[in-house]
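For reference, chains read A, B and C in written order, and residue numbers begin at 1 within each chain.
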Amino acid sequence: MGAVIELKNVSYKYPLTDTPAIRNFNLSVEKGSFWGVIGPNGSGKTTLCAIMRGFAPSFYKGELEGEVLVEGKRIDEYAEGELSLRVGYVFQNPFNQISGVKDTVFEEVAYGLENFGVSTDEIEERVIRAMKLTDIEHLAMKKPFELSGGQQQRMALASCLVLEPDILIIDEPTSQLDPEGTESVFKIIEQLKKEKRTVVLVEHKIDLIAEYADNIVVMKDGTAIRSGSKQEILSDISLEAEGIQLPQYALLGNELIKRGMKLDYIPITEQQAIEVIGKAIKGGDC
Amino acid sequence: MYIEQIQIRKDNKIAAMDPIAKLWVVLLYFVTNAVLAGISEPFGGYSPLLYAWFLAVIILAAVTGIMKKFLKAMGVVATIFIIVFLVQAFIVETPDPEIPGVILWRWNISSAFHPTIWEYGLQNGLKLGFNILNGASIFVWLFQCTQNKELSRALEDRGMNYKVVYVFLSSMEMIGVLNKKSQTIMNAQRARGVETEGNMLVRAKAFFPTMVPLVLSSITDMEERVLTMESKGFNAPCAKTHLLVLHKSGAEKMMIAIFAVFFVISVIGRVLVWVL
Amino acid sequence: MKKTYSIKDDFSTLAMLFIPLGVAINFVGGQVASLLKLPVYLDCIGTVLTAMLSGPWVGAVTGLLTNVVTGIANPVNFWFIPVNVVVGLVVGFLARKDMWRGWKLIISFIIMDLVSLFVSTPIVVYVYGGVTGSGTSLLTAVLMATGQSIWASVFSVEIIWTTLDRVLSYLVAYLIIKVIPAKTLVKFSLGEFYIGKKTAAAAPVEEVKDAFEEANK
């Protein structure tokens, strides 16, 4: 079917290191699927994202083995700037995603379109759409540096979405935000999910991943130790031994089963928990 | 809707002039200045035309409607003018040790202390002072009535590479950003016991724990920003669109003509002085 | 390892972002110095750093832009553009020949110091008549008042303070480069010269790390 990103036996070493940061990695991301990437710090999640977008090895230098294909084409076959139109990328730090040369949020979001030579009318239209999607239209005339962290991150998302990429790679977008900022960003991620966009999201907030992802890849020491549907992975208590924390409802479900309750399946979201535990209670199996 | 709002609108026709035309005015002003500085023979070594030429900027600032901003920005320049002038007038006696200095005025307080104003020093002081004053003031005028993004857009239109423009605009932004960050770091270091008062050695030592973390964290930020810029098509080799539209205000031809005329008259004057 | 340098390589996207940072460092260096009431300008740190890591042209542009941008607020700085540019060029060309490590450092330093003196002194004399209004230039005024020639006065004052300024600037640049992790250094055109005994995962000095964690809160 439509695999938009494929990693075939990929290994990557940062310059001046002996151990590869990523080893024998295989992944196939289908169009419209939402992948969550989880794992302890240092497991290679950010490196994986960088490889998918081609930042490694072109920017980070180092050695790459294996094949990385985006929409069927090898990354090194893309022309300068072309990849940005296919693959959007959002970083952790909202501050570093500001160009620094525009006085208003509107112009900042429009900057990428200016660089790609899009016509003025089309720019206005697309920017307004992106601002509406990320709920920052009311900030359009403000100075980018005067926004809060959460607002800046939404602006970064808008700057990304305005280029209308087919794929989005989002690397821990909320790790530097307060709870309010985090919530606002996740509202947008929910929207992206509804629009059936192809997304690869790296996150530590496991409950949020459980809510939106379709598939999960669990990373440790540079390899994927698990990869598959979120239901099967996030309910698996054995992952705790690998340093992964399960969603709270999965922990609850596992604990209840351990203590004798019979559940049809282990829940990983609030909705599922209410459903399956409620059913077990009603069914009298306590 | 928004594109409308981000345009630059000015009431004053001269302030609204095309930035390139303004650059021409600056250039013409400069060369006229250089010529006028040389006209000193008929005036016994003084260059009153040079001093008068400063008024041209004052008048320019007035008609551009930026007098207040202009005067405020001139503060530092004025101070330097005064210092240079005073040093020359009171200290520099003669251009050549062979020729004795001409005293214009002496205040005999005591045999050891007698402040003297020397003729050569006075003339040189006025000349140097006004050169600095004039040169600086025309730039003050330029930057007080032109926004950075206007100027860079105009240059880009005339062929300047958009990357150069980026570097220029970004430099100005970074100064503010880094300045703020340095305050935070300095305060944080003070709280951890780094001394910022005391003798020079102590103060000098405080410099490093402020600068090093500042630069280091900024370099890390910069790495990520390279990727962001790349993602925003910074390196895309196509023609760029510009949301900002520049207009001519209509005052361009007149202003350039006025200064060109001054330049021509000053050249004629200089030649006449030389010939006669 | 002989390497040919192209201007295009020197001016990578990284350099395009490094120059504004260099300009800001030059400015802030001066600010912090005056806040700490130190009698030196310290407005060349950024130029030295960019030149050492990205070569002479990047360093020169950093120097040029610094004086252009600060000149907007204080047009007097325009006259000193050549000084900052020359520092960038000299430090950069010497950096290409790996002259900033080991004992060669001393020679490079002397060259940089002398060249910047030879450029700044005439500017101070011809444009300002010897006294620019800075704290140290008042010393020059005093010397001139005692009958010394302008050139001698300016030169003797400049040689002390400029040298001090450059020593401090170089030290800061050196410390910074020392603390930059190797995997970052490789991204700069001349970064490889400074990697030496580092490993890719070199950790920054503890205080430095804490300090910028504070700053990022």
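Basically, a contact is a pair of C-beta atoms (placed from the backbone, for glycine too) under 8 Å apart; a residue touches a chain by one contact, two chains touch by 3 or more.
Worth saying up front: this structure is predicted, and the values here are computed from it rather than measured.
Enquirer: Which chains touch each other through the most C-beta pairs?
Expert: B-C
Enquirer: Closest chain to the protein CA centroid?
Expert: Central by C-alpha mean position: chain C.
Enquirer: I'd like the Å distance between the centres of chain A and chain B, where a centre is the mean of that chain's Cα atoms.
Expert: For chain A versus chain B, the centre distance works out to 48 Å.
Enquirer: Let me have the rounded angstrom distance from the C-alpha centre of chain A over to the C-alpha centre of chain C, please.
Expert: Averaging C-alpha atoms per chain gives centres 42 Å apart.
Enquirer: Could you please state the distance in Å, as a whole number, between where the Cα atoms of chain B are centred and where those of chain C are centred?
Expert: 22
Enquirer: Return the residues of chain B touching two or more other chains; collapse runs of consecutive numbers into ranges.
Expert: Those would be 166, 170, 173-174, 177, 225-226, 229-230, 234-235.
Enquirer: Mark out which residues of chain A touch at least two other chains, giving numbers and ranges.
Expert: 59, 100, in rising order.
Enquirer: At which residue positions does chain C touch at least two other chains?
Expert: Correct list: 20, 187.
Enquirer: Which bits of chain B are touching chain C when the two form their complex?
Expert: Listed in rising order, the residues are 73, 76-77, 79-80, 83-84, 87-88, 90-92, 124-125, 128, 131-132, 135-137, 139-140, 143, 163, 166-168, 170-175, 177-179, 181-182, 184-186, 188-189, 192, 196, 200, 203-204, 206-220, 222-223, 225-226, 229-230, 234-235.
Enquirer: Note which residues of chain B are touching chain A in the complex, please.
Expert: 1-3, 5-6, 149, 166, 169-170, 173-174, 177, 221, 224-243
Enquirer: Going by the contact rule at the top, pick out the chain C residues touching chain B in the complex.
Expert: Residues in contact with chain B: 11, 13-14, 16-21, 23-25, 27-29, 31-33, 35-39, 42, 45, 49, 61, 65-66, 68-69, 71-76, 78, 127-133, 141, 144-145, 150, 168, 171-172, 175-176, 179-180, 184, 187, 204, 207-208, 210-212, 214-216.
Enquirer: In the complex, go through chain C and note every residue touching chain A.
Expert: Those in contact with chain A are residues 20, 182-183, 186-187, 195, 198-201.
Enquirer: Using the touch definition from the top, list the residues of chain A that touch chain C in their complex.
Expert: Residues 14-17, 59-61, 100 of chain A touch chain C in their complex.
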